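Here chain A shows up in two complexes: once beside chain B, once beside chain C.
Presenting the complex of A and B:
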């Protein structure tokens, strides 16, 4: 599997996801600078976390209009899987690859901690290696991860099976108590209609090694390798 | 120079210069300075930049060891961590600005210390902090906690350097002077360290980073004076941070540092362009001619005075090799940062500044930078306090006392704080906040750094000498407790007004105590910062010589952490317990007393015990390790239990004063846990090393039982411990 990681000024999880990708694929991904307009043929495009352009406007809003995003969009439309993590989720949502918006966390603060997620769908290249309804532990680290969309959109996402992960308790129960940021219907990650685009706030690359406290995130990268190699 | 201000005695005084200092200015100049020159003297000779009150005593600290590559005097200290790699680190205060404007004050504190580290060629890999706030009941405390924590997070999270730990205390003495001490640790190749000494007459002097504005003018002078009620009027002297620009600056500098373009580099911190240019020139024995018109400015009509004294953030000054200007420019343009050739190195030894084509300042560099005043301020030794006999201290029911202690502001969980910091970015945080020390892997290797910040200000007030020793010893212990070999220290000395002999006495004695401990523990000081005048309306803070320390773990798979790991492990206490209650948290929180001599530190035992504990970790004999500090033994046990959700039963020895055994703060102690089968091995090893070790209980269940005194559920204990800070921060504001 050949992967590309898009690097914006202010990206800061680009190296972390590159390390996780390399651990699963055996080769370093291509790091693509935001000013590039051409993207070589790759099997996976990752838009990493961080604070693109300082997030001084709305999170992800400036990066969504950078030249490289036009190319990312075109590839996504042509079927190349795109993974947006944290700020990457905000960027691809701002760019219109996914519906909805990530608002300020309900308690208004940046929060960095491990959360439990319920895996809602496994019929995607990203989640195929997880068991249906599995409970996985991944960290969040954001101030704007409060997913919002109108009720009709949320109904459609749920109806079409496009919710990828929900915040849950350790036992898999989806409740308000397990919701760290106020996201609508505890949504932590969503797919595009063809499930070739995944955006999620938790960081799979941060728990992809037991030494760092867990490897539930590695399952996603290993699954991608299986699906896309 | 139009609109030139006259140099009146009032102007001199408002620049923080004494009459004697001004006399020295006249001597050095051979004439009266103009306002720009006076401003430059003022900031260069401020306490903050010149260390004039503390220099004499700082020189007594040990600063060398075979593994020290660069000690104090550069932007940060550098130590060898083997395999051609170096760790670069420093701690620095941003106390005064953080009190006036907590978010920006704390944020720019983080930005400043990050720059000190990446200026030397290191990629910053971890941030830490040591915070002291006033009495929780003080009307400003909540606002300050909120702003400082948000500011530290706002800067560190955005730039993408994990904030991996720290410490937070509350005490009424900080009501008017909070302490925000920020530490950064970076990694570099040992043969690619960058220094600040300018070299090469004719070489270009280059300005990079953000534009210069009118913010922060006289910040260094403000940080060198006491506060009064109108200090909030000084808000315009606080700078505004831009972590996004600093992120670009890190990447651009590291990219340029990978080439051979840079001769010398210095960040513009306190006193901005003034101190950076003077330091570079002074260290290189050269002069600089600078055209201030070339300085990138974000405001119009800035005077030479304003340009030289601005403390706008995210700026660097470099000397480049001739012919490398275009290469350097292209790197900074790629990162969309300002790049300007602002001057040239000369052999005159003078700083010549031009504005609008005219010379606006012409100063000799060395007399300013090196011959700055150095004071041997009068000091008096502290009055020794009486040792308190535990038998005279009321014996509260131990489990009730434990509840009070784990819920008191100093011991309550600081999760509310560190969850606002991204402590995982960069993917090498092996031990997250909440342990004795953070453990951060050296990227791409099997090694790791242990990092801690420590100080017990109430001990330092009780006896600055003993408190100085204890701060260093506790840092040593915290590193040892995770399995890290303690290598070196950075210090951040926070005190009141040094012009008062009793405060100067605290400074002198604390430094002497620190020096003793550093020498005994082979733990040299490689960098540091001094913050004096932490007084408001004449009331000083507790003396707070904060210690930041770094240790090395050779094999990242062989570390220890404080949570219990499984039921059925034995709990072993290392060190001697006499039940020292003087200056303890028990005395303060349960008895409302802050008196008594602090517990003494036996340095010869500290080293032996640290070596022993690290040995047991390396041999993987132990399942958990925690140092015993604030609150004493029972608090330490409770912390290990709460962190794991596994309970414990503790068997106090007979014939002791139970409250003193549970809560005495005798120094040099650790708790280890190990499966019963390992216990004889550990006890035998301890015996061989002449170390006191005894089994005091075992792990298991969901309760904490103190045999003979009762049981408390971990759920209740955890609720109290985790509840205090969020409850405090969300309580309705009494003022609004």
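Presenting the complex of A and C:
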């Protein structure tokens, strides 16, 4: 599996996700600078976490209009899987690859901690290696992760099975108490209609080897390798 | 020509910052503030001199970058 990681000024999880990808694929991913307009043929595009363009105007708003995003959108429309993590999720929603928006956390605070997530769907290249309804532990680190979409959009996402992960308790129960940031319906990650684009606020790359305290994130990268190699 | 752009959250979209400001005002003794909504104000200096063209152009800027129309409304004033 050949992967590309898009790098913006202010990205800070690009190296982490590159390490996690290399551990699963055996190959270093291509690092593609945001001003590039050409993207070599790859099996997976990752839009990493960070603070692209200093979060000016709105998180992800500037990056969504950078030259490389036109190519990322074209590839996504042609079926290349795209993974947006944290700021990457914000960027791809701003770019219109996924519906909704990530707003300021309900408590107005930057939250940096591990959370439990319930895996809602396993029929995607990203989640295929998880068990249905599995509870996984991944870190979040964001001030704007409060997922919002209008009620009709939320109903459509749920009706079409496009919710990938929800914030949950350690037992998998989805409740207001397990919702760290006020996200609508505890949504932590969503798919595009064809489930080839995933955006999520938690960081799978930050718990992708036991030395880091857990490897639930590695399951996603291993699953991608199985699906895309 | 100058364009003044106000960007506000749509009705029904929660504004936790506005709520926090409201609480702070209340704790400072400013009673009677029933609601606070926080937004953005952006000024643009335009070389365009035709008001209709300027407005059309700024509205396009709002739709494509300045506002996220999923959650925000915008209004444009030309001076």
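Convention: the second predicted complex is superposed on the first by the 229 of 229 C-alpha atoms of A that agree within 3 Å, B and C clash if a C-alpha of one lies under 4 Å from a C-alpha of the other, contacts with A are read in each partner's own complex, and residues count from 1 in each chain.
Please note the rule applied: a contact is a pair of C-beta atoms (placed from the backbone, for glycine too) under 8 Å apart; a residue touches a chain by one contact, two chains touch by 3 or more.
None of these values were measured; they are calculated from a predicted model.
> Classify the contacts of A:206 with the two partner chains as first (chain B alone), second (chain C alone), both, or neither.
The first partner, chain B, only.
> Who does A:218 touch here: chain B (first), chain C (second), both, or neither?
So A:218 meets neither chain B nor chain C here.
> With the two complexes superposed on chain A, say which partner A:75 touches: chain B (first), chain C (second), both, or neither.
neither
> Which partner does A:104 reach: the first (chain B), the second (chain C), both, or neither?
In the superposition, A:104 touches chain C alone.
> I'd like to know which partner A:141 touches here: chain B for first, chain C for second, both or neither.
Only chain B is touched by A:141; chain C is not.
> What is the contact status of A:19 with respect to chain B (first) and chain C (second): first, second, both, or neither?
first
> Where does A:51 make contact in the superposed view: on chain B (first), on chain C (second), on both, or on neither?
A:51: touches chain B, not chain C.
> Check whether A:118 is in contact with chain B, with chain C, with both or with neither, and answer first, second, both or neither.
Touch status of A:118: no partner.
> Show which residues of chain B lie in contact with chain A when the two form their complex.
Per the stated touch rule, the residues are 150, 153-154, 157-160, 242-245, 247-248, 335-336, 418-430, 432, 441, 556-557.
> In the complex of these two chains, what residues of chain A are touching chain B?
Against chain B, the touching part of chain A is residues 9-10, 12-13, 15-16, 19-20, 49-51, 53-56, 109-113, 139, 141, 143, 203, 205-206, 209, 211-213.
> Provide the residue numbers of chain A that touch chain C in the complex, in ascending order.
Within the complex, chain A contacts chain C at residues 57-58, 61, 65, 94, 99-101, 103-108, 148-150, 182.
> So in the complex, which bits of chain C are touching chain A?
Touch residues, chain C against chain A: 13-14, 16-17, 20, 64-66, 68, 70-71.
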